[in-house]
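Listed after this line are the structures, all set down as structure tokens.
In the two complexes that follow, subunit A is the common piece, with subunit B as its partner first and subunit C second.
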Partner chain A sequence: MSEVASGEVVRSEAVSSEVPAIRLQDVGRDFRRPRRSLTQAPPVVHAVRGVTLDIERGERFGIVGESGSGKSTLLRMICGLDRPTSGSIEVEGRPIHNQPAARLGWLRHTLQLVFQDPMSSLDPRMRVRDIVAEPLVAQGQGSGAARRARVVELLEAVGLSADSADRYPHQFSGGQRQRISVARALAPGPDILVADEPVSALDVSVRAQVLNLIDDVVDGFDLTLVFVSHDLSVVRHVCDRVAVMRQGEFVEVAPTEQLYADPRHPYTQQLVSAIPDLHAALDGRAAADLARAVRERSPDA
Partner chain B sequence: MSEAGSPAGMMPSTPVVGTGRRHLNPSLFVGGGLVLLVVAMALVSYVWTPYPPMRVLGTEAYQTPNADFWLGTDRFRRDVLSQILVGARTTLYVGVVAVGVAALVGVPLGILAAMSGGWLGQTVMRANDILLAFPALLLAIMFAALYGGSTQVAMIAIGIATIPSFARITRSGALGVMSTDYVTAARAAGHGPFAIALRHVLPNVAGLVIVQASVAFAIAILAEAALAYLGLGTPTGQASWGRMLYEAQSTLRSAPHLVLVPGAAIALAVLGFNLFGDGLRDYLDPKLERR
Partner chain C sequence: MSTAATGAAGAGRRAGDEPVLDVRGLHVRTRHTELLSDVDLTIRRGERVGLIGESGSGKSLTALAVLGLLGEGLTATGGVHLAGHEGNLLERSEGGLARIRGDDMAMVFQEPMTALNPTMRVGAQVAEAMTVHGSASRSQARRRAVDLLDQVGLPDPEHAARAYPHQLSGGQRQRVVAAIALANDPVLLVCDEPTTALDVTVQALVLDLIVTGVQSRDAALLFITHDLAVVATVCERVLVMYGGRIVEAGPVGQVFTDPRHQYTAGLLAASDLTAAGARRERSALPTIPGTVPPAGRFPDGCVFRNRCPAATGQCATRPPWTPRGDHGAGETASGYACFYPAGGELR
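Our next item is the complex of A and B:
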């Protein structure tokens, strides 16, 4: 695997001959901001630039970065919900970056999403049954009866009772709602599961449950996982390999344990050292110390 | 996390589920009552009126309310109560058709504008602004001049003039819906824009549209009365509250009840629909629900 043009990325990865689940080549996405002046061109924001990456089948890949680092934009492009302004994206060997939405039908049962906000990701006016069956309806899979059976099967697979199907989203807690989200994502039998900060909006006590659920379904359904988070400690729990993203670029891509044990890029080192540590907390080094440490490392902030 | 750990002042609020916290607010109650009254009057008029409403009776004109004629008689010796009852029909008919026309055109346009964005959305909304700049009554007078004055022409004109308010409010609601993750999820599930509009956008803006409809209903009633009063709406020989006002204006001093009765009917109906709309807005607003 060759280095990207920028040359800054620290890469440590295995070479594989198989067709990767997701292949990104020099992907960039620019956004035009509103024009500020009549005579000057509108300013451009480079949300994602020069991202090159292969995610192998069955891999659990994490993308970490602070908010505004471009990880969500990258994710939307991987899911075919947005198009890159440069570069190419292939999912299971088929290009998606230059296809109109109408020709991405196959992608919709190959790749599915779980969202961050359990309040906004389920339509408040729909019953759980219809929410979970939505991908099946959209893709015209199965008859009414077959869908009903499938919904029950999926709800049970994510640890919800069958009678949840007749209730509305507001009758569930945040963690349960994320379970519904996962059930919906599994409905069309995808090969790739993309999770956009799936536990960031949850209480700490519920996080572990949802992370374990994602862990289980990735194992049980043989999925490739792309997991985005701003929290390294969460990524560590589920991912084999992690990319650290900053200002639209990957600064380091490495197997998880290596990244934690031996972060190479200064930004990664900063992130790793900012993970709350039980021993440090017991030693009396509180959040204030961490805050000071962060401030010292990034004087511009 | 132990129970003792949560201080009394910060009781973890159990999520408000369903309709538990919703109360019938006074606006909804009073408005709903007045609306029901108008509907009841219209319904009653189909089975019973004290006298045939438009028939000239063998009695004196300009009677004040009395035992035989509860709301008196007008100058053509017709019974006022019967006309008021039948007039409620006209009022509701005009309201329903005008609001129907406005909603059927305005809501899809609003959703289209919100979902398409770009030049198409802009074009729709600018066209909307142009129509909005046109006073409803002026449009109705123009229609009356072109197609003659009738209840049908009046309500179509009122309906067309009300389209922009529906388009605008639907668009703003739809923009909010379009930015939610469940719409993104629907796209990722493979739904096209049309399915998303029907499955997600429309049900989630329905509350807004219903509130707008009740307010527009009040405006339509008022506009119909105004047109009938100007002699451009419901023609002579048909019962209409606005028409009754028009016919009574020359005897304002000598027989004030002929103006007061239809005037009060119009005022109460408009008030009723306005209050109902306000009450409904509070009732359906999820933010107020939490209080």
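Our next item is the complex of A and C:
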């Protein structure tokens, strides 16, 4: 962890005095479980523990972890939807960990989210035009005509035709709905795009389309990307640098290629060796080999 | 009846080349729409066959039709034959099917929490699979349930047998479902996306358990998934499904390295995130244009022609099945249905 931190210092000197897009310092989040006994304190779950991290501007940062590793809790805090119990979070140099939601309006311009399941994150009773314009309306940006023009511009940027603005979410396929989500996220002109498992609900052929779209908008709009997934091969494709999360902690943070080629932490090694890979399987790696690798490399063993 | 059945079962188990599952010309339709069209598949003893395709291609429907679990309003026609059982399973009564299901053919479902009974201890659920089919007395079944839970790798099986499903993790629940499916030593195990809901490390262990369970019983496996890497890891032969039809079939190594059908080629290209070189330059992934149409809206002729880069007017007629190589399980076991096959010089 300390190595990672010192690496960051060197890097931020190199890009002169620029402030990182997101800075986390010793962030922790505890949840209290219901009391089980009258005489003992209620048990505490440490969902996130001591996470320190700088995400540079323009970086594509990935967070991987299995279910229950704390990645969603961390993400909620980065987006200002939850507050840490300890530590500090700064977005573009401004603290968000100690601010009430009413004073985080600026954060909604700066940082936008794409969720996993487009069917549950798009209001089924709103037309696409209103869905995409909603962030603008909520922040009182632009006149009606300006917003309509912006909606058309955004839909075209994500590869949908302008006439889809009049339709409802259910009239679109899964991949197209995820395009609508991306268009909505881009509406206020954010600097940071946070994507929470954006392709997990999609089919393989459509997944490739949406990954290409995310690639295009991150390049085209000069965004910082925070990409959370349980699928290591997707993260490998998308991200420059990856953090591996386990039991609320970052066990390893490294540039993508290094992480996959030479994982240092036993848990990362276990995770990397458990991914079924088409080429390796064709070369004869069977299920028994994957399972053996998982058992041998168990960090608890 | 019972002696005839056991006699046939014995014969089926001895003959190595005798198919365990033989599906011929399976059609499934609602009143208005044809959902599955002319599905042929054969699985021999000890063979592990994968069925891949995107959602809406008809994979799960195929499995449900084979097990006789189709919902209200769906009718299946064609032939489904299981080794050791006379006649067409599609023509059997529900009672007749219930005697085979969970006994000679068993299924592992995607979501273990819905497959298990939340109000029963898991040991009792494993034992029940044996007592309802009369393969063990109650006390034997209870003892064997603990053995089975041990076989599928649950820690402290004596204790685990007394647990309720909600007290177990997702991976442990899926192990219990596998124990139930393997309880009566089925000749055919059908797995429908058994590891999609699991983490990668748990997935690796559950896949191993399924393969080991099938191999030790010399049973046939039909493994349904959308994950090509998982199929390549688990199966020897693969069937590619699209629009309710099998569009390509063959040994995993052949289909995945040298696909013939344009859909298979597109699917492989789109899912290969680790293709060397392609990713460091951040070049766009190859995609299949468009999306899978809803059931009933697939084009006639070749079902893939509205998304296919090679389609011409000829594709409006249905492409015939072209056998490829000489596969022991018959000509439907390896081949493709495409007029303009990829890598076509060998056609």
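Methods note: the second predicted complex is superposed on the first by the 265 of 301 C-alpha atoms of A that agree within 3 Å, B and C clash if a C-alpha of one lies under 4 Å from a C-alpha of the other, contacts with A are read in each partner's own complex, and residues count from 1 in each chain.
As a convention for this text, a residue touches a chain if its C-beta (ideal position, glycine included) is under 8 Å from a C-beta of that chain, and two chains touch if they have at least 3 such contacts.
Predicted model only: the values in this text are computed from it and were never measured.
Asks: Which partner chains sit in contact with A:Gln99 here, subunit B, subunit C, both or neither? Use first/second/both/neither.
Replies: neither
Asks: Which of the two partners, first being subunit B and second being subunit C, lies in contact with A:Asp215: first, second, both, or neither?
Replies: second
Asks: With the two structures laid over each other on chain A, which partner does A:Gln25 touch: subunit B (first), subunit C (second), both, or neither?
Replies: Neither partner.
Asks: A:Leu122 in the overlay: touching subunit B, subunit C, both, or neither? Say first, second, both or neither.
Replies: Only subunit B is touched by A:Leu122; subunit C is not.
Asks: A:Gly175 in the overlay: touching subunit B, subunit C, both, or neither? Say first, second, both or neither.
Replies: Only subunit C; A:Gly175 stays clear of subunit B.
Asks: Looking at A:Ser88 after the superposition, I want to know if it touches subunit B, subunit C, both of them or none. Which is it: first, second, both, neither?
Replies: It touches nothing on subunit B or subunit C.
Asks: Between subunit B (first) and subunit C (second), which, if any, makes contact with A:Gln269: first, second, both or neither?
Replies: Once the two structures are laid over each other on A, A:Gln269 reaches no partner at all.
Asks: Identify which of subunit B and subunit C touches the larger number of residues of subunit A.
Replies: C
Asks: For A:Ser205 in the superposed arrangement: first (subunit B), second (subunit C), both or neither?
Replies: Touch partners of A:Ser205: subunit B and subunit C.
Asks: Is there a shared patch on subunit A that both subunit B and subunit C touch, and which residues make it up?
Replies: The answer is residues 173, 205 of subunit A.
Asks: Touching residues of subunit C toward subunit A in the complex: what are they?
Replies: 54-55, 170, 199-205, 207-212, 226-230, 232-234, 252-253, 256-257, 266-268, 270-274, 279-280, 282, 284-288, 291-292
Asks: Under the definition above, what is the set of subunit A residues touching subunit C in their complex?
Replies: Interface residues on subunit A, with respect to subunit C: 66-67, 173-176, 203-209, 211-212, 215-216, 230, 232-234, 236-237, 257, 270-271, 274-279, 281-282, 285-288, 290-291, 293-295.
Asks: What residues on subunit A touch subunit B, complex-wise?
Replies: Subunit A residues touching subunit B: 79-81, 101-102, 105, 108-109, 111-113, 115-117, 120-126, 131, 134-135, 137-139, 170-171, 173, 181, 184, 188, 205.
Asks: Taking the complex as given, what residues does subunit B use to touch subunit A?
Replies: Residues in contact with subunit A: 1, 15, 17-18, 180-182, 184-192, 195, 199-200, 203-204.
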